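Each remark here refers to the structure printed beneath this line.
Order as written gives the chain letters A, B, C and D; numbering starts at 1 within each chain.
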Amino acid sequence: MWRQWIPFWHPGLSPHSGDVDLLFTGLLIASALVLALLFFLLALFCARYRAGHQTDRDHRVKKSWHWEVSWTAASFVCFLVLFVWGASVYFQIYRTPADEHDVFVVAKQWMWKTQHPGGQSEIDALHIPVKRPIRLVMASQDVIHSFFIPALRLKHDVVPGRYQDLEIEVDKPGHYHLFCAEYCGTDHSGMIGEIVAMEPADFSNWLTQQAPSSTLASEGGQLFRELGCSGCHGGGSTVRAPPLEGVYGKPVPLSDGTTVIADDKYIRDSILMPRSQVVAGYQPVMPSFEGKVSEDQLLRLVIYIKSLAGHPS
Amino acid sequence: MSEKTYLTTDFTLRSWFLTTDHKRIAILYFASLIFFFFIGGAAAAAIRIELATPQADLVSSDVYNRLFTMHGIIMVWFFLIPSIPNTLGNFIVPLMIGARDLAFPRLNLMSWYIFMLGGCTTLFAIFAGGVDTGWTFYTPFSTLYSNSYVIVAAAGVFIAGFSSILTGLNFIVTIHRLRAPGLTWYRLPLFLWSLYATSVILVLATPVLAITLLLMATERFFGVGIFDPRIGGDPLLFQHLFWFYSHPAVYIMILPGMGVINELISCFSRKEVFGYKFVAWCSLAIAAVGFLVWGHHMFVSGQSLIASLVFSFMSFIVAVPSAIKVFNWTATLHKGSIHFDAPMLYALAFIGLFTIGGLTGLFLACLAFDVHATDTYFVVAHFHYIMVGGMVTAYFGGLHYWWPKITGRLYSEYWARTAAILIFFGFNLTFFPQFILGAEGMPRRYHVYPPVFQVWNVLSSGGAAILAVAYLMPLFYLGYSAFFGKRAPANPWNAPGLEWQTSSPPPEFNFETQPVVTREPYQYNERFDAEPQNA
Amino acid sequence: MPESSAFAPQYASIRHRDYTAELGIWVFIATEVLLFGGLILAYFVYRHAFPPGFAAGSRHTEIVIGTANTAVLLTSSFLVAWAVEIFSPATAKIVTWLLIGAACLGLVFIVLKGIEYSKEYDEHLVPGIDFQLAGPKANGVQLFFVLYFVTTAIHALHMLIGICLLLTLAAICRKAPTTRHHTALHSAALYWHFVDVVWIFLFALIYLPGRSTS
Amino acid sequence: MTDWRPPLPLIGAWLGLLALLALTVTLAYVPLGAGNAVVALTIGTIKAGLVAAIFMELWHRRGLTLVFAGAGLFWLGILLWLGSMDFMTRT
């Protein structure tokens, strides 16, 4: 493997990290060529034209423009190639296809809390099966964190106030570093964990061993009742609120005439800022749950509503 | 000495602290900057000692976070940004253009007082308990979660910003209006072109920093959410506003260095700078395009992919003029007559280190690799190659070059060369391992780290020890020479620039008679057959 | 007009000095444009995010006071421009009165602004001190008012500095004005007009949106 | 005794500004949808242009002064354009 020949470089372990490594190699080679040429010329000129050394100093280059134009053009073309290359890989890395195994990541000072749909939750660790794309839905409880797995050449900030999707995939079983890469306060450097990649069979074993009494969706359903959501959104209630069965992933007409897709972000916003996007035909009567639910609980509610997607409305 | 120099016109304290002489103000700045440099340097030393082992042993996490914040704030705003412009620039600009002073001398003095006020405010914040936000003051950490003197520190930076603006304004107007007769734009030394470009950035970018810090402090003080996501604010807006200043600020920190290098390379090659007009316009191009690239600090922050694409493209574009400059400096050496005096050693070191810094900048401009490398030690190494390897090296080079003009004394060439070489090796040993650390994935601002990273950290800390000694050396031999060195002649390097046409040190109003310029700059071979006479 | 007796040694002539000073002021104005530019960017970003909130916030402002203030400031600028135009020893008295008039109009602006602030305080619209507004648009309105207070406060600070400048110049110009004072007045006038231009845009951004809808 | 009177362009600019002020306030109450913002900013720009050209004497200046006056605006344009690009193109 060519990648092992880069000094001090451990090859990346995901489909995209191969592309990143190739890009890195390309950058290294280009830089090495430029540096070699430059240092060679510097050394050559310094040696040959040192003061006192008798050598030909006549016929200095006076008209310089063709030199200037050629090295400007050469740099520009090189840079353009690198730009296009880097950009195309970048769009691959941050592509997030929909239906995959979702894992929920909540970042808070100073820990990573990860939760599998089955309710298995971990702290500063994440178990995943190999060779299968996993969609992470990440949220931050407080400040900006950054989810960084060096072995996968992958990083994304987790900004409070929004959900961030990120797709990860690991080729080889093993334990890999998970870092917080955005400075987040006192224990920033303690906010590290590990990604445990397992063979699919081992992973399902692990899932069953870890299986809690209830799934995230059912915990969300319990919260839904505890917080009183079901009082209005449940069937047969006196207050008229839009039913939530079968809503997830579908377009929702709003009272201002526009339409939104009921995705994670919309559901989250509707819980926190219920009156900003009111469903057509309903009154803006729902109170805000801002400050009353944590990111963990929010996630469970979103997952619960998502689990209602299959039900007929 | 029969005639009076600017140093001997008056000896009272009042004559120093109420002076409007640009040369004395430059000395005031110089003294303050040495002070700040060593404070920032002390913080760096503590950081490197702490990082020699993976565990926390010297300081606690809270102290560590305050140390790197203090290192960043002091070094960026109280050393690098004012370094060359306010000391060498202040001293040399009027001399180079044949003027008797800057356009607004009282404004110049005021800018020093504002700078000191800002500096003292920041120092107060540091010694009262410190700041732990990092020099970037990212919200919502700085506004809602940090438990430290954020507002005071931001106020210090805010105040110092006005000093930058006034200096930039002064330089722009001076270079436009006070040039000696015959000194057309294409006869200006390239140092002035780059200072002009720097001033444009100072004037147009710094106010945005001021307003950003003001909004941040307002949010923190009144608890109103300007950038607070809980009431609909957007933390990324803060980053956009912050980097609108702080990325161009990087060019504030390198352009003057590039300017100095032009002077050094041509003087010690006894040859005019190759492609003068290209180098001149490249300075302005860097200043202008430098405003279009700030989003490359935010490729993983969640800004839109299209914005990332545009900013990445612009970042590659801005590298073109820098590359042109490096090629031109190299071509300048061709068929020159090269002397390896201390300033030239610094200049050669600059070319090498700046090129490495610039090339690794391309790595970071490259979107997909930046996803891996951003916020790791790769970035730390990259910007130290630019700012320390580039700017500080250029600053030392320029300082040695103009030292005879500033003090009227000659320094010890032996010690100067030793220090230059030591700085070069110490620097590379300190920062090259950090590229490897970053490529392996060690995040920046880490107080404790996994033991796999230790080898490179130890190397880096060892290099830092050498670097610390090397940076202390000039303090002694330059300090010694300022009082006991041999008297310098008016033109020790046999250079044609106007600043060498007056005595060393210059009289109070610089020139006895108004100089008139009749030729292009850097006419070394035509006017001077003699080789430079050295100390 | 009498030339001022001396000029600083870095200048070649009086005209050289004046020309240099004017350039300096223009560079300073460029700086100021970017100072307000940061606020304007924040305004547009949040207006884009919360269109109804910003329209509602705007409707909470006092358009009568805002319009009156704009007229006051435009008139004050006119007086200053007039003073610059006719400046000479013969007209020293009139120039002095024009400047005092302009400064007084500036003070009227500040007083009206103060009245507006106190009204907003009474309506509980001051974020961070007393902000009580609930409902779907609360976030947008709060952001609007944060930016409103920061921007207008910075603008008012500029006004206060300008008023001091104008009054100082009025005091100086009373007796034997020279070319040097003309330069100073010209510079101060440019600054004053700039503060006026900023207000013209703030007026359009703060008071006018959302008036045609409810 | 004519040298104390304001020149006609000044008076014209002043009256024009007040007229534009009245116009913009009136138009703000006319429902134009998104057009309201455009109208308000256009009239604002015309007013600012009047102040700059007449009161600030840019009409009589050329070269460098115009470049400097334009530079601030140009960079403001960069800030607003690139700064809002992210927020306009987010998905």
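We take it that a contact is a pair of C-beta atoms (placed from the backbone, for glycine too) under 8 Å apart; a residue touches a chain by one contact, two chains touch by 3 or more.
Here the structure is a predicted model, which is why all the values come from computation and not from measurement.
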Handout entry: Separation of subunit D from subunit A in steps, with touching chains one step apart
Key = 2
Practice task
Have a look at A-B versus B-D and report the one with more C-beta pairs in contact.
Solution key: A-B
Problem - Centroid distance [mean C-alpha coordinates] between subunit C and subunit B, Å - result: 35
Fill in the blank from the handout: Taking each chain's mean CA coordinate, subunit C and subunit D are separated, in whole Å, by 14
Completion exercise
Expected list for subunit C, residues touching two or more other chains, is 23, 27, 30-32, 34, 37-38, 41, 45, 49, 139
Practice task
For subunit D, jot down the residues that touch at least 2 other chains.
Solution key: 64, 71-72, 75, 79, 83, 87
Practice task
Give me the residues of subunit A that touch two or more other chains.
Solution key: 273
Problem - Every chain pair in contact, whichever chains are involved - result: A-B, A-C, B-C, B-D, C-D
Practice task
Flag every residue of subunit A that touches subunit B in the complex, lowest number first.
Solution key: 8-10, 16, 19-20, 23-24, 27, 31, 34-35, 38-39, 41-42, 45-46, 49-52, 56-61, 64-65, 67-68, 71-72, 75-76, 79-80, 82-83, 85-94, 109, 142-144, 146, 148, 150-151, 153-157, 159-162, 164, 177, 179-190, 192, 273, 290-291
Completion exercise
So, in the complex, the side of subunit C touching subunit A is made of residues 135-137, 139
Fill in the blank from the handout: subunit A residues touching subunit C in their complex are 273-276, 278, 284
Completion exercise
Touching subunit B in the complex, subunit C uses residues 8-11, 16, 19-20, 23-24, 27-28, 30-32, 34-39, 41-42, 45-46, 49-50, 53, 127-129, 131, 138-140, 142-143, 146-147, 150, 154
Completion exercise
As the complex stands, subunit B meets subunit A at residues 61-62, 65, 132, 134, 138, 140-141, 144-146, 229-230, 232, 234-236, 269-271, 274-275, 278, 299-302, 305, 308-309, 312-313, 316-317, 319-320, 323-324, 326-328, 330-331, 333-340, 348, 351-352, 355-356, 359-360, 362-363, 365-372, 374-376, 436, 439-441, 443-450, 531
